[in-house]
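Next, two complexes with subunit A in common: one pairs it with subunit B, the other with subunit C.
Moving on to the complex of A and B:
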């Protein structure tokens, strides 16, 4: 069974989100790289955390390769990746 | 720390640059005194052949020493072999501490990084792009880079701000006495516009060619009276990098929409009449504006007077079809432009001085009606930044941005509101290249935003039904809403770039990026 799920693309104004199940107690870790990270890291982290909290995800590593996604897209991609991962774990 | 008229903080003294003059408005500074000149030379009939066997021999003969200034022109663009060849040879000869004074650098010149690291080059006055720009931004040079516009550069030379010791001029054709031109030969690049000032003001001029013609060569752009030495090399450049085969109009619907709005603005302006002159460059959106304007000109039976600047096949078509009378060409971008300047007397080669220098008896930009420009960002005061990227890295030259904006009656910046997540409209640009006082309108996919200073334009546009006018407040609010709040760029205190306005005053500085 896979413990990794992805959502999104590396097209312009999109992002590729990779969610990996961590060991119990490891917490939520977020890594953001890419074109907007230099100026929008705080805003992006805030959005990602909102989605993580709303879905009740725990012990997850999130890797976000960004290519200029706005918050709306970023949130949707994170949500999709987490739902894939959490759905698969059931 | 003093502030210039735009409120940008400029130190009293900048290490490696000197005492900056504060920018005081687009037309505030006036020249004093006389122009400086090159060393006077004397060549009699005991010298009837200026050829030397190779680049090294020419460097030795030129008297080039450590600490001097060498200049280059960029018409061979990303195909250029000359800059790297010359600097390699300087390094082999043990020459160091050079000031590089190019009209522009390209990706092909990233090889210079090793010469920067080893101290062969210790100062650059000119654009720094790509990897060299990144290196400079991260503090890889001790001395700040000085950025000047295409017109500011000849001004600086003429006024004595910069003295060129040796100019190396890449020539697609030359004879043994140094009559050169750019329109013939396997490395043909068209106009040699940027090289004229260097030929006139350098103490020594070395012509580097891969195409020796019998004396006297013709046609001639820059004549034998300027050349000291001629070197024949196997190749001065890669034709594939010198000219692009074709320049294409964008197919991106968003950019086409922006181009359409820009064209509608031009049509609504009082300048859309017989005799209109314009510059649109080679970018995707500006080319599309040219295409839309062409349609409009045919539909309304209007004929233009001239197209200016970097010339593309699109402009050549306008010339052939009689929609403009002349082309004034400082740089020929593609094959069509190179062929046209070679064959058509109505396609005129002009120097950078003629094109854009604010300190002569009138540059060509003064005669411009309309110019379409880009920018990485524009602020709510209409100040534009073309030098630095969103992350604060100094990655782009100024080009003709300042000169055409100052010269044209209608200066339009056409740009999508967002590039990725990064907004092109901000409260205050990270660095200023061109002041809002010479920028008349911003055109985005959301419509036309006119500088309130141009009430006449606002009135003219209000009379046209269906023009999508957007206020700056509205545009900026929309950009903010979509992109979200930005984190500040983290910098050190050290200045790594000095941006001069075309008159030699300092409009802004760029600071070293903090290590991540």
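Moving on to the complex of A and C:
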């Protein structure tokens, strides 16, 4: 398993997700910055957590730079970054 | 109707979100040429999420998968076929009926695995080599899933060892062949893209030419191309008026037990009525008094 993986871009309506493997027992930490973070942070965190749980990821730091990504784009980018980190991506 | 099918890069959320708002008849979410090799997996995941939750209006939704000669196409199908929004896959570089059969089998496998009626996913075949064009009829008949055949543009021209001209001389035979093969097989003939996105007059000329050849529509790479092609493909007021007269006269003749009738001094028989009905279909008129 590699230590860090990224998915997405900083283009409009997209977000850049950086997933980093944390130390065992550190849990899932999510940091969201960018245009929608102030207003929609809790909804975005909920979406991110849904994807993390569905993939069974543990002890992960997720840094998300948002540039207006809608819910499904956020979910897709988190999934892509996590799969890459967990070695699922081809 | 498939007057226009708009390509949307599969890794571009901005275009994927807004694509259906441009008014094309269909959308092609592209996992092939528009996506760099390093981004294939990211694009596949993004397109899969869009098919599950995205908004597409009344557009026919298709995905251009990676070619059958790549390592990606089976993963593409596994990610997209389970979603209801998907109506068909556009497959690049089809060369013969065997390739369509391989794709058909894999589609059936994925559909079955996901509890989807087998045969739901249609196939749109891109014929981008001389061999593919030569085998157009066999390709179109290779599976009941085949909905349309489409000649290649740049790839076909390269395979023909020539270059693309503004007049499209080098593609003329392939286009005629496409219409004949499509009509003989009972599928749609859809044209390749017009690459010069700022040349509106050139696009209008090409659209008029392919409409006259018998094509059902054209692939589109820029939203600005959509209204121009629709304008060419939509029946004119005069065509609609004439078609209404013909269909009404044919109905009346049938009621009186007559075969051919005369409308405005011209004999109207079955092929003329069929053509008039097609004009009305394109104009969105389904009932004639």
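Quick note on the criterion: the second predicted complex is superposed on the first by the 85 of 90 C-alpha atoms of A that agree within 3 Å, B and C clash if a C-alpha of one lies under 4 Å from a C-alpha of the other, contacts with A are read in each partner's own complex, and residues count from 1 in each chain.
Everything that follows uses one rule, which is that a residue touches a chain if its C-beta (ideal position, glycine included) is under 8 Å from a C-beta of that chain, and two chains touch if they have at least 3 such contacts.
Quantities reported herein were computed from a predicted structural model and do not represent experimental measurements.
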**OP:** Please work out whether A:35 is in contact with subunit B alone, subunit C alone, both, or neither, and reply first, second, both or neither.
**Re:** first
Original post:
Who does A:43 touch here: subunit B (first), subunit C (second), both, or neither?
Top reply: first
Original post:
Counting only touches as set out at the top, which of subunit B and subunit C does A:70 meet: first, second, both, neither?
Top reply: both
**OP:** Based on the superposed arrangement, let me know which partner A:12 touches: subunit B (first), subunit C (second), both, or neither?
**Re:** both
Subject >> Touch count on subunit A, higher of subunit B and subunit C >> reply: C
**OP:** Report for A:84: first if it touches subunit B alone, second if subunit C alone, otherwise both or neither.
**Re:** second
Original post:
Do subunit B and subunit C touch any of the same residues on subunit A, and if so, which?
Top reply: 12-13, 69-71
Original post:
Across the complex, what residues on subunit C touch subunit A?
Top reply: 12-14, 17, 40-42, 45-46, 48-50, 52-54, 71, 75
Subject >> subunit B-facing residues of subunit A, complex >> reply: 12-13, 35-36, 38-43, 66-71
Subject >> List of subunit A residues in touch with subunit C within their complex >> reply: 7-8, 11-14, 69-73, 75-77, 79-80, 83-84, 89-90
**OP:** Give every residue of subunit B touching subunit A within the complex, in rising order.
**Re:** 390-392, 418-422, 482-487, 489
